[in-house]
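Chain nomenclature is as follows: A, B and C, assigned in order of appearance, with residue numbering initiated at 1 for each chain independently.
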Amino acid sequence: MSGGAFRLSELALRIGGRIEGGPDCAIRGVATLRAAGPEDLSFLTNPKYREDARASGAAAIVVAPGNEIEGRTLVVVRHPYAALADLLALFHPETPEYEGIDPRAAVDPSARIGAGVAVAPFAVVGARAVLADRVSVGPGAVVGRDCEIGEDTVLRARVVLYPRTRVGARCLVHSGAVLGADGFGFASVGGIHRKIPQVGRVVVGDDVEIGANCAVDRGAIEDTVVGTGTKIDDLVMIGHGVRVGAHSLLVAQSGIAGSTVLGERVTLAGQSGIAGHLRIGDGCTIASKSAVFEDLPAGAVVSGVPAHDHRAWRRVVAVQKRLPELRAELARLGRRLEALERRLGVELPPEE
Amino acid sequence: MSGGAFRLSELALRIGGRIEGGPDCAIRGVATLRAAGPEDLSFLTNPKYREDARASGAAAIVVAPGNEIEGRTLVVVRHPYAALADLLALFHPETPEYEGIDPRAAVDPSARIGAGVAVAPFAVVGARAVLADRVSVGPGAVVGRDCEIGEDTVLRARVVLYPRTRVGARCLVHSGAVLGADGFGFASVGGIHRKIPQVGRVVVGDDVEIGANCAVDRGAIEDTVVGTGTKIDDLVMIGHGVRVGAHSLLVAQSGIAGSTVLGERVTLAGQSGIAGHLRIGDGCTIASKSAVFEDLPAGAVVSGVPAHDHRAWRRVVAVQKRLPELRAELARLGRRLEALERRLGVELPPEE
Amino acid sequence: MSGGAFRLSELALRIGGRIEGGPDCAIRGVATLRAAGPEDLSFLTNPKYREDARASGAAAIVVAPGNEIEGRTLVVVRHPYAALADLLALFHPETPEYEGIDPRAAVDPSARIGAGVAVAPFAVVGARAVLADRVSVGPGAVVGRDCEIGEDTVLRARVVLYPRTRVGARCLVHSGAVLGADGFGFASVGGIHRKIPQVGRVVVGDDVEIGANCAVDRGAIEDTVVGTGTKIDDLVMIGHGVRVGAHSLLVAQSGIAGSTVLGERVTLAGQSGIAGHLRIGDGCTIASKSAVFEDLPAGAVVSGVPAHDHRAWRRVVAVQKRLPELRAELARLGRRLEALERRLGVELPPEE
């Protein structure tokens, strides 16, 4: 990877960890347990990979307290995954992909452009758009008229912001994401679907990440809101008028139908969905592939279609797999009961 | 919102409603029940929000007949949601985002361009493409060679039409939608997947809306067809050779596999899917998260995986949640039966 | 379709088939069974369409051995679907959409451009990118810095390759696909999600097809890999660090969460998903709409959420539909048993 080298002790200091079970040494990069060589630092963040940790060729392994791996040099730190963030940033410093306003971009003269803004070739910045300091607009990205983008926010190639969209500071929006397309609102009268003009906006807080090819629709009348610190994976769909609370995680291919309101720190796992006009409390977790059709109190953990309590769902699923046996057992009991009834001369119930 | 003001009586007249329970007044905008202030008109279109209607600060509320909200000025109209379409159009008149052929667009000289057509910066219009009057092609959109687009159709930023795609009049295609990419057709012989050239087209009727980041694939030999008046939400996938009937609604993240034929007025709810080579009758409704694996007669309403009658599915789901209790009850009956059998000296069945 | 004509006997020879049941004749095109006219060749590749074959107006029908269709001219060939590939290529020879480096493209001077490369208007090719011979970059496509693309690979309009992405030879990437966006990796400490820099790459083998609006994320530390010959439909999501084996098929809207490793020839049907950190053996098939939550041995065929053996799942589903009847039967047995117990003076169990 990168060419720079650090002493392990220096890295341990930076991430607030301590070295155990081995000597100090030179580290030139960060690698997975399987790929790491004698000058790489690696990580054990998932107990599933303990065996890989034992067999790893890494010079040292960052672990949480309480993990002992015999014969290996460890760096013990409270949050190994967060330490990984620090170390990757150290070994792979980011350099901006684009700088300055490319003459091949189409920036409306009425747009307000901050200091240090980058606009890449073939990007479009519409009338009266406001780009705060150090915003970066990737190639082919389109910032509609009257949009506002906060400082240090990066729009990758081919992002589209429809007019009047607002994105906060320090956000990262990946390629192909579309913010502010019309919500799916039609008045269906006599079998004909008449469009309800969608005049709300999309308003995104600070420190939000939005994945590739996501679609966040503008509200019909009210705004669609994504709270500060929320992270959205690829191909996620957020309907019109939805409010996603702060610090939530929406995993790939999940979707939220119109007007639903999510509290803070909600997790939607992959391919899950929430129906429209619902209220989801703070800290809820929706398991992958599940579909929520009713309001959820704070802290609920739900699974299934329709989604209900996750532990109850697990018990249901366990029985469900044995349904054919249960049916057979039921039939057997019926026959045994009938035999008893015949023996006792009971009048049998009529066939149904 | 907008600065213009109207008399409530004038608005009531325009939407064919009558004022009840309060005086005429000035209206400056349209807002949700919760956000509306003393110069806003609001709407009750979902009974779920009755309480919000009672507490709303709106000057007046548009409702369907039979809704009484004590102490509130109402405008009673047969189809409040359709009235909303009229009123939003009134308060938020649309102005075209782009006008004329931008010199930074790449329009092939052989393309036929109607009157009043707009082509935005960095859009591409291929050889022999036909753009009828008042078509608008957004920034970065790509209209392949030999495409035909009907009058007043709007392609938003970064739409892609592959060569030979046809789109009717008055359509609206949102950013990132791709019409005409190759269908997923491979002849797999000996574990190698050989591409079947996809030489059909995508043909879209009039008055169709297609959401952000949708994918509608071209047919293998035959065309993929989307019927007039059909509305498609974001991230929907339509496979090669599919025919979607007129006036259907395909909600976000739903998908239809190749060669399936849908009748008119079919509704696919969010995240639902239909397998390939099926026939779905007119007016069917596929519940969200469901998957259809067999033909459906007209008017069917289905849920589940595999999808079956929706009411039957609801009954099944209700029992399913209680499966662990049913299993326990079955075990109890077994023990009681065995006790009786022992008491009566019945020879017990062999253990299985 | 095309204007050229061939003798049926010549076509039969080319696809290694023999004519049965009818005379030689002139063929001007290939069409579906329903659309074919008296100068068209058609195909029976799915037994579902036998009736259409009987009623078809086609001059002749290509079939696999063992299919007899009375009164029709047949061309019998071992793999009709593969023959279709040959014939469509013959009747619809592909012509490149773009040629040469368009002056309106933005190609970095440090990029290495092979012979016969096409770069369409408004495409961007970044610093040090390597485009092998005959690569085609569609309009508005973005090839990030340090990308490498193998010979004859085609990127359609608006494809995005993030920096350092590698794509093999003879690949076809459809519009809107995004390769190399950041994986979804956050260290969540105290409810705040801190980004883990994603410094791995996307590495795609040869002969891969990637559908419209797909998202293939770059790895966190390791690479995300798509094996040679694998075909990916539209709107598919591949998480960071996933390895997809060779010759696999990923159908539309399926998704694979981070770090999961798939063997060769795996099929993910439409809208299916696989959780993260799993190992899926060679030749596995995941049914549509299913979700895999555990490792699968080679050759497994699974369905359901959570996915398990497909045949077992079918049996479960059959019983499941009858759950309300089973519950009623269980209640009936309970009542009959209780009647017997009363009759025999058994002390009844306490109510629960």
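The working rule: a residue touches a chain if its C-beta (ideal position, glycine included) is under 8 Å from a C-beta of that chain, and two chains touch if they have at least 3 such contacts.
All figures in this text were calculated on a predicted structure; none of them were measured in a lab.
Peer 1: Rounded to the nearest 5 degrees, what angle rotates chain B onto chain C on CA?
Peer 2: To map chain B onto chain C, rotate by about 120 degrees.
Peer 1: Taking all residue numbers at the chain A/chain B interface, are over half used by both copies (same) or under half (different)?
Peer 2: Mostly different residues: under half of the interface numbers shared.
Peer 1: What is the distance in Å between the mean C-alpha positions of chain A and chain B?
Peer 2: Distance between chain centres: 24 Å.
Peer 1: Give the residues of chain A that touch two or more other chains, as numbers and ranges in rising order.
Peer 2: Within chain A, the residues that touch at least two other chains are 122, 140, 158, 176, 213, 235, 253, 271, 305, 320, 323, 326, 330, 333, 337, 340, 344.
Peer 1: List the residues on chain C that touch chain A in their complex, please.
Peer 2: 106, 122, 124, 126, 140, 142, 144-145, 158, 160, 162-163, 176, 178, 181-182, 184, 186-189, 191-197, 199, 213-215, 217, 220-222, 235, 237, 239, 241, 253, 255, 257, 271, 273, 275, 277, 291, 305-306, 308, 312, 315-316, 318-320, 322-323, 326, 329-330, 332-333, 336-337, 339-340, 343-344
Peer 1: State the interface residues of chain C toward chain B in the complex, per the touch definition above.
Peer 2: 1, 30-32, 34-35, 46, 48, 79, 81-82, 84-85, 88-89, 91-92, 94, 97, 102, 104, 120-122, 138-140, 156-158, 172, 174-176, 209, 211-213, 229, 231, 233-235, 247, 249, 251-253, 265, 270-271, 288-289, 304-305, 317, 320-321, 323-324, 326-327, 330, 333-334, 337, 340-341, 344, 346, 349
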